[in-house]
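Two complexes, one shared chain (chain A), two partners (chain B, chain C).
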Partner chain A sequence: MLMLAQLVNALVIGTLYALMSLGLSLIFGVLKLVNFAHGESLMVGGYLYLFLASFFLSHSCGLPLPLALITSMAAVFVFGLILERLFLRSAYERKTARYDEYVILVTFTLGIFLQNLALPLFGPYNRQAPAIFTGRIKIGDLVIAGDRISAAVIAFLIIALLLFFLYRTYLGKGLRAVAQNPDAASILGISVARMRGMAFGIGISLAGVAGALLGPIFLVNPGMGVPFAIKAFVIVVLGGMGSIKGTIIGAFILAMVENFGSILLPDPTRALAYKDAYGLLLLILTLLFRPQGLFGEKERRA
Partner chain B sequence: MGFKSLAMILGVFMLFVVMPGAHAEDVVKIGIVAPLSAPGGVETGQALVDGAKIAAEELNQSGGLLGKKVELVIGDTSGVPEKGTAVMERMVTHDKVVAVGGEAHSSVTMAEMEVAHRYNIPLVISEAWADEITAKGYPEVFRLTVCNSLIYSKAAKWIKDSGFKHVAVIGENSDWGMGVIKVFKDNLMAAGVKVTSFSAERTTTDFTPQLLQLKSASPPVDFLVDGFTGAGELLMIKQAYELGLAPTKNCALLGAGMDTLYPGFWDTVGEAGVYVLSNPAGLPGIPKTETSEKFTQLFKDKFQREPDAVAMEGYDTVMVIAEAIKLSGSTASKELIDAMENKLSWLGTRGTITFSKEKNPPWAYHLWMDVPVFIIQYTEFKQDPSKAAILWPEEYATVESYIQPPK
Partner chain C sequence: MRRFFLGVLLLLAAALPFIFQGYWLYVAIVGLYYAVLASSWAMLAGQVGIISFAHAAFAAVGAYTSAMLVIYLNFPIPLAMVAGSGAAAVFGLAIGALTLKMRGPYLALTTLAFSEIFRIFLTAEYELTRGSYGLKVPLMLDGNKTWCYYIGLLLLVATVTTLSLVLRSKLGLFLLAMREDEDGAATRGVNTVYYRLCAFVITSACAGLAGGFYAHVIGLVSPRISTISEMGLILAMSVFGGLESLMGSALGALALQSLTEYLRAFEEWRLAIFGGLVLLILKFTPQGLLPRLSELLDTCRQRKSNMLKDEHR
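Moving on, here comes the complex of A and B:
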């Protein structure tokens, strides 16, 4: 029973990890840049949901919390489109020399800026966002917290929608085409610039909605995104940069390793202390033995 | 680089160096270090600064110190040791403070006291509990709050006397958290109580794996000690409650960090907070002193809430430094340290503060030995700590024993 409870917790956390890392993976795949402001996008989503939820609750709108969730996701999407237009598109279109270094600096600066903007704006305090479903679910001896299970179910649905979008719709295929080969996609009439904006918007909004779902479970504060962003980096490298399938599987592997690592280590008094180390150990091993990640493609050099 | 630009840089540099010197003549600057952003215990830091501000206002209204105005220099350490060192360096070398007070994280204090020791600047610690701070024997360092050994050896005795059989301690891997684990282990295991302990990174957000493990422990865990500060402390309480572990009929929960004392506690943990135990180093009005009544009124007027242990410590910290300046008639470090060590006996918000010169046990050095400590228990949702049931010490207890939750 204990192992089953641990497994359920790992699956719940894994689903949430997958949701937040998919955005990072998508942005990397299409824009070929590592979004160092991913954790902060998550934080923005967390705060948006917090404020929208309390606003909708006090104005008794139909379904206040799901509405707050969708609105915050949409708002972060628009935020992403604007950011891409302002800071990234010019670098791409003008073929800026040292594009890679430029985008690292831009996203890094953006992350620091957002975090330090949130500090005076919202205060440094831990805030509790309302969960869509509270209470506990009991199945025999198994107890699962309601906020977690509802967040995991919603995250699962969003991931399913995303996969449908990427593999079954014209726009989604366009995104994947640009990720595979931007020049060929461009020749075939796909607007690469538009796809890049789209990918950045969707990628950031996935982080935002992950923040909205994590807020009720792990509290909202200006630094909330940092530990999750580190985990997302580990997951994306583990699964293979830009691979959707790899990211999802990587997320579950990390959640399992963290969860079971912190109870199965022979010295139980220290097991929890190394929780973050398990993920980083996994990252080092991946980089040593399979640098392209589990499902990543080996770089082809002419 | 040409001569002109070099001269200009030098000129700008000189401006910065000379300016504060000219200003320092007409004010007495006291540094306050506190965690005011994550990952530090933010509400603790804010309470400390709030208390200190009231003290500074009061001093200035009655003419300041040595005929000069008192100015607080407030530094945010984020609960990060390296930041503590940097803030201290800046306060001492750039702001030219005469003494520094505050801090609520032991690991940060350990870094800050090295700077204080190097520059021979008095450092009065408000709310950091690790034994090592005073045990190190630095003459510059004073502490007007409890230390781990002083409180948890007593709390451990209370736990044993209350009949708890299996105590689990989850502590953060900081100087304070590891100290909590050690003192509970040392005192309880000697008394025949089983102790299970875990340490974890301070940024840990999910305690579910360990809590699940504790839930199926045998013999069953009947007392859980939450040895975290900041978000971790609140999340552990929330998660333990959601999993049906504690606080329940079968298991009590002690939130050892100070985040159990602020309004944010109820907003974040909700109904999980009812029946939680806490251990504040002071409660407003107990014992009732002239200073505590005056301070409680001033604090309520300014901040529209009841003061808490840390706010009282913040006030006492600034006042103790001020008292030392008055006693010695000087702001020289040597005189201030001498005054605090040998002459100081000041009636504060929590009793009469004097600093011990005893070095056995080592942590007693420059510690206020009579600092009041309480074990309180919340009995209602959204209860203010000052209204909670007092379980210990006996002379102030409002209930006979630990209140078992009905479910």
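Moving on, here comes the complex of A and C:
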């Protein structure tokens, strides 16, 4: 019974991990950069949802919570477009000599900036965001908290929408084309600069909506994004940088390892503390035995 | 000119304990700790092109190793500091060996994960480290601040000199060649992975040594040393001083550290302000603020001398 509960929990958490890591993966694929501000994008989404939801609830509009969720996702998307325009586009267009290092510095500093802006603005305390569905679901002896199951279902729907967008629509195909070969894509008339902005916006809005969904389950605070960002890094390396399929599978592997790994440690406080540390173990194992990740391509040197 | 400038700077630094005492001397000592970290990080990021986010964590490795060796095994403090530096170098070697053979941001990712999880480890292993309360550490030289300051200054001068010598050596030339054209250097027979690993291990050892110094000067080590915000502070210092200049980064660290003390009233806004400034610097003058200023000074001087020449004609 305990094992089954752990399994369900791992599936729920895994879906949320997949959602935020897909954003990181999409950004890596199209812009060829790791967004070190991914955790803070998640935090921004969490706070936006928290404030919008409490505002809507107190003014009793119809359908307040789903509306708050969608609005916060859209707001983070616009935020991403602005950030890309401000800090990333010029580096790409001017062909900055050391693009790789520049983008790491910029995104990391952006993360530090956002986190330390949220700290004095919102205070260091934990806050709980209202959940969309608060009941409990009973299946036989198994009881699942409603906030978790609703978050997982919504995350699943968003992932399905994202995959439909990427593989079936014109814009999505454009994004994948730029990810595969920007030069060829631009010859065929795709605006690479616009696709890069789009990918960054969509990528961090996925982190933002993940933050909004995680807010009711875990708590919202300025540093909430850091452990999730590190998990997303582990997942993306494990799945293979830029691979959509790898990212989804990697997310569930990490969730399983975390959930079943914590059973192995007898001391409960320690087990809780080290839950976040399993990721590093998985990362080291990946780098040791399959550095290109499960579905990554082996790097070809020019 | 440059030599003269350096000499004046050193003299000023040596005279500092006669001018400032008490609290501001303490501020200067902490500033020296950051200066060692910032200059070694700048060497890595600016000269080698490796962005490591574990520099603060390596300082914590050095600090905790040195502190625990002294407390639990009664090591003499200098030996413990050297051991702390060695421990940081070993971690650097392990992470570097795992990630440097691949191109791309693998080292940045792994070092970030390492520093966060090392912080969790320090907080969770309460029996050994006293968790987030921090571990009380014996002071060096009975806590005489003047002598501590000179030790710190010696450490900074030694770090900057050693790293500059490394950059001028054959290893430095290889690093420069790799930074400019990695494939080119590799085809000329430079073992790029090996030399990058060397640079990473050397600078990690510097961070560990700085951490040991910090532990025995402050008398308290806590997991705060290993936080990502602390790493952000080191990055800000290097970018302010100019990523490609060791001296500049050290000066940037001292400047930001004194600025921090003036900004005590805005304590909680401090990193937001620094972060915002760094974003602006990166966007507008990626080479850093201090080099940019000296460049401007140079052009002014040039213009002046040109004008003088014109008058003579």
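Some notes on this structure:
By definition in this document, the second predicted complex is superposed on the first by the 290 of 302 C-alpha atoms of A that agree within 3 Å, B and C clash if a C-alpha of one lies under 4 Å from a C-alpha of the other, contacts with A are read in each partner's own complex, and residues count from 1 in each chain.
Everything that follows uses one rule, which is that a contact is a pair of C-beta atoms (placed from the backbone, for glycine too) under 8 Å apart; a residue touches a chain by one contact, two chains touch by 3 or more.
For clarity, every value in this text was computed on a predicted model and none was experimentally measured.
After superposition onto chain A, the partners chain B and chain C occupy overlapping space and clash. Judged by the touch definition given at the top, the superposed model places A:F218 against chain B, while chain C stays out of reach.
In the superposed model, A:D183 makes contact with neither chain B nor chain C. Contacts of A:R270 after superposition: both chain B and chain C are touched.
When both complexes are overlaid on chain A, the residue A:R127 reaches chain B alone and has no touch with chain C. Taking chain A as the reference, the larger set of touched residues comes from C, when chain B and chain C are compared. Looking at the shared chain after the overlay, A:D100 reaches chain C, while chain B stays out of its contact range.
Shared-chain residue A:I112: touches chain C; no touch with chain B. With both structures placed on the common chain, the touch criterion links A:S262 to chain B but leaves chain C unconnected. Shared interface residues of chain A, touching chain B in one complex and chain C in the other, are 119, 227, 269-270, 273, 276.
Interface of chain A with chain C (complex): residues 33-34, 36, 86-87, 90, 96, 98, 100-102, 104-106, 108-110, 112-113, 115-117, 119-120, 226-227, 230, 233-234, 237, 241, 269-270, 273-274, 276-277, 279-280, 283-284, 287-288, 291, 299, 301-302. Residue ranges of chain C in contact with chain A, taken from their complex: 45, 49, 51, 53, 98-99, 101-106, 108-110, 112-114, 116-117, 120-121, 123-124, 183, 228-229, 232, 235-236, 239, 268-272, 275-276, 278-279, 282-283, 286.
Contact residues of chain A toward chain B in the complex are 1-2, 5-6, 9, 13, 119, 124-128, 136, 143, 145-147, 218-219, 221-223, 227, 259-260, 262-263, 268-273, 275-276.
Remark: chain B residues 36-39, 42-43, 170, 173, 196-201, 203-210, 212-213, 215-216, 230-231, 234-235, 239, 242-244, 264, 267-270 touch chain A in the complex.
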